[in-house]
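You will see two complexes here that share subunit A, one where it goes with subunit B and one where it goes with subunit C.
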Partner chain A sequence: MKNKQLNRKSGKDPSRWKSLIGLLPFFFFIAFFLVMPSITLFSGAFQDMDGQFTLANFSFLQNTFALKSYLTSIWVSLITSVIGGAFGFFVAYATTSGRAPRWMSTILTTFSGLAANFGGVPLAFAFIATLGRTGFITALLKGICLNGPDGAAICPFNPYDHGFNLYSVVGLILAYTYFQFPLMVLTITPALEGLKKEWVEASTNLGSSSAQYWRYVALPVLLPSLLGATILLFGNAFGAYATAQALTGGSIYLVTIMIGQQIRGDVLGNPNEGYALAFGMVIIMSITIFLYVMLQRKTARWIKS
Partner chain B sequence: MTKQKKNAWAIFWAILAMLYFFLPMLGTFIFSLRMKRGVLSFMAYQSVLADSHFLESFRYSATMGIITVTISVLLLLPTVYWIYIKAPWMRAAMDIITILPFVVPVIVLVFGLIRTFGRPPFQLTLTAFGTDILMTAGYVIITMPYMYRAIDVGMRSVDVRTLTEAAQSLGSNWLQVLTQVILPNLRIAVLSGALICFATVMGELILGDFLVRPALGSYMAGVGRSKAYEPAALAIISYGLTWLCLGLIQYFSRGRQDGQLTGR
Partner chain C sequence: MAQLELNHISKSFSGTIAVHDFNLAVETGEFISFLGPSGCGKTTTLRMLAGFEIPTSGTIRLDNRDLTLLPANKRNMGMVFQSYALFPNMTAAQNVGYGLKVAGKPKAEIEGRVNEMLDLIQMRDFARRYPNQLSGGQQQRLALARALAIRPQVLLLDEPLSALDAKIRLELRQEIRRIQQHLGITTIYVTHDQEEALSLSDRIVVMRRGVIQQVGTPQQIYNNPAGDFVAEFVGHINLLPVEVDQPRQGIVRLGSQLIRAGQFEHLNGRPVRLAVRPEELKSGFVEGANNLTGKIESVTYLGAIVRIRVDVDGHLVSLDMFNERALNIPAVGQPYAIHFPVGACWLTNGEKE
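After this line comes the complex of A and B, so read on.
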């Protein structure tokens, strides 16, 4: 590699493979620290304890415990990607093309970048300090009176006496939304900015209302980006571990939490089933990212023009 | 009339979003001041900063962050450069390859790393140093999508080919081209990638926790299990750190329209 002179004419070299030499360190790194660990898991997923090929490890799907962890993960990811996606879309809508005051847009765009990158343990702490049993807002609510359904005032109003619990799936959804909707703002804003002014003008000139413009022009154009961004949010939530672990102490069985416990102490009682559990996650993530990339390409085509 | 209604609708969502952003921050901050009964004080922060474990884990994670950034740049900058100069036909493939770390969730990656490098022939988990190598590799993999994209975007905005030819005609070898011509031109892109990378390493829980190294994330998780007010203070400190990293990126890349790819 040292005496490789960079030469424009080398592009004519018929052996394309030679032009890959400089990429060897990169490929070596990926192979060693990403591909090899994945293969270890995948091959383990299809082997029994004696190393024979088997599909039995996937019988965890009949194990209600493991199956339930998948369903919980998918459920939480779906809910937060739809809620976060819709919320983020409206926020992005508000911040683009001056519909909300400029200073608001600036704050929102800046904080979206921050919040989308803010997750993990500190996020869980923030929600515990705010909405936990002794949290700031909980304490505020305890200080006020609310009218109950029967008209009688409830004093003090403790949300924890009325079905709210931060250390549950509801709390998890609230916390995830904190990084989900800003990610939506970041991913959908370019698409919204790509909507051309002429389209609104044209459809107005043709006599359509604002609702008709959205129904027949904007939303169909935005659909691939919206779907793509929502799918990205799904993947973002599906792979998350730290927030759930720190918020609920691992008492909500997401797949990631299950895998964590499997690494620590083989809770499934069969290491190979743990590999199968991890393999399933990678499959779901692959589908997710694949769909995202496909939809993103579809979007890129009209955003650039 | 329609216009006004539209704006009210937009402002409604904008305010809701701001509440969502700020209430947890405000709540956490006020909560963190309440350690001493009856008065607001910075006692929780003092308690955190006086804890030698905090300083140790902070130093450890910061060191790991810097090492990760260094290795990541050393690995990716020449790679992206090579692709632009020698193998532009690889770009589409590289876009896919560098997004692969998103396909393997961190918890699955650490599972695979432990099972692969926890036994011969590549046993790395026996010593602290070996484990640190594994940690760094994991961090480089996790942050690769950000770093690659940052460098790729930067490389796209300068004419690397012309720069290279100009430098070569003046007698530079490839190392000089890379360090004295390409890198200075990409400093903002590399810096953005580096800061995102650093912030990610500082907040990361899984690798440090499962490879049993004294990283900041594991320390915070431990504090969260045993203390009441310190976690809030830690959350604020962590907020500040992320804020600082991203603020620096925005400061350095003012006026530039770089795409950002995030995810957790």
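After this line comes the complex of A and C, so read on.
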């Protein structure tokens, strides 16, 4: 009753609604491509093929194979966000610290914008063409002779004879890092640009070393942004599918690849089990984001109010 | 023996000369202002003192020790920036204690000193606030406390008040002077605001295009400016183009009216200008003084003072008078007689540019 009255009241104010009309396409987009698929996913996870309620889809929880795929996914995502993140951070710092020429940061930003969105089949192909068994860098390396431990020359040097394999987890990490690092550059650059020149000077003036400045001022100021960017990178890798599929042909079991196999629609697949696996991913991302919010509160006390 | 000495300091940035042959000796406890228009090299000189810029040539000595090349974090000079430059991630107390913390001082000592400093700026109650929860004036007071907490030998301030509004600026100006005198700390204060420089300083260094124009007490600078630039930059002044009428008697002519001025030898035929401050001019006729007549051109009411511009044979002469409730403000266009003492004016041979 009370709600209805409230609704009518706000309905009387036409300007408020008019201002929302511009957002309609956005709401439609959210409804059709986020809310509805999520509902399908959530309900599908708890239904069998005939639409009856069941928890059977979650039987994968007893399946070490499926659990391992979660671990692999989390592990690969963590490693690539840390490596790509650290690398991206240093590159972004080098260009924003004012020592690099302006044109260089322009080039870097443009490159990062491209590379961060360069994934899937083209990226996999690019890596195969360079570091694959017959890739051109592999070919180049084969033409170089190296000194072996016993002094004798090892010729030719084929990385594939020395434990390297592009079609393995190592290769996957390499390929993921390729789009993780520019994403870090893009997300952390504004935060680095927000570091005021006067802060270093004030800190130095008060007697601090450069390390002390980073420890007490720069890193604490950057920490909320660094955390946010790392979460973004983690989610970016965690949800990636096409790159891994194209590069390793599905031979490395990431959760996304498992889901892909379940919902591809062949006889062996069970889409509902795929939904259940995806549901698990949503839970993991939610936990991650929850942890992030907690940390954010702790590290960014000084930003609000 | 002066505490701080700058000897023949010059600084150029890839060809452009920012500071040229700067010489200054500062006594312990002295409050010195660098005053000059934008781009004259005030900040550059201050930054060379702080160690953020290395002089192209010359030496800086503090307590008879050469620190020209000493790294900025070893100089023990407290600096206050125009933009406050407080660390946003630290509370007021942590900001003030920062210099002691990086110096590895014990916790109890830091706490004591921080409280002492917060009391000095009367901000004890704000100890736990973050900078973005403080007003601009409070932030700048905090920055001052932070710079003083390390017991610097010299305090450096670069236009510390120019980001604040007029009322706070005045308040804080007095507070800076109070604290400076209380601590007896040698202070270099950069400003382009002549009123600030005049009201705060023991001595003022007037600069122009990287070169010192004059060093002196506020009174010396104001009453005996070394050249037209200083005269015009510090305070208001009438610089009237006059013609030499009777060199022997020291008499010049403004339009058709005669004025008795000071010494003449240094003028030898070049264009001459008569300098006189607006507050030296009075209305009315007085026997024995320099008397001029003209017409009121404009009247500007500034509150405490009223600025009247009088057209004297085609030349505008400004005159300032104190406001009084009973003051009869003359009307524009009205004929007007003004006078000033002979000793109030002087002649310059006009380095007009």
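One rule holds for everything that comes next: the second predicted complex is superposed on the first by the 225 of 305 C-alpha atoms of A that agree within 3 Å, B and C clash if a C-alpha of one lies under 4 Å from a C-alpha of the other, contacts with A are read in each partner's own complex, and residues count from 1 in each chain.
Here is the rule we go by: a contact is a pair of C-beta atoms (placed from the backbone, for glycine too) under 8 Å apart; a residue touches a chain by one contact, two chains touch by 3 or more.
Not measured: the values here are computed from a predicted model.
In the superposition on chain A, A:37 makes contact with subunit B only, while subunit C stays out of contact range.
In the superposition on chain A, A:206 contacts subunit C only, with no contact to subunit B. After superposition on the shared chain, subunit A has more residues touched by B, the comparison being subunit B against subunit C.
In the superposed pair of complexes, A:256 makes contact with subunit B only, with no contact to subunit C.
In the superposed model, A:102 makes contact with neither subunit B nor subunit C. Only residues 4-6, 8, 10-11, 16, 19-20, 22-23, 25-26, 29-30, 32-34, 36-38, 40-41, 44, 87, 90-91, 93-95, 99-101, 104-105, 107-108, 110-111, 113-131, 134-137, 177-179, 181-183, 185-186, 190, 210, 232, 235-236, 238-242, 245-246, 249, 256, 259-260, 262-264, 274-275, 278, 281-282, 285-286, 289, 293 of subunit A touch subunit B when the two sit together in their complex.
By the touch criterion stated above, subunit B contacts subunit A in their complex at residues 2, 6-7, 9-11, 13-18, 20-21, 23-28, 30-32, 75-76, 78-79, 82-83, 85-87, 89-90, 96-97, 99-117, 137-138, 140-141, 161, 164-165, 168, 174, 177, 196, 199-200, 203-206, 210, 217, 220-221, 224-225, 228, 231-232, 234-235, 238-239, 242-243, 246, 250, 259-260, 262-264. If you check the complex, the residues on subunit C that touch subunit A are 50-52, 72-79, 81, 83, 85-90, 98-99, 101-103, 130-133, 143, 146-147, 150.
Partner subunit C is touched in their complex by these residues of subunit A: 196, 198-199, 201-209, 212, 216-217, 220-221, 301-303, 305.
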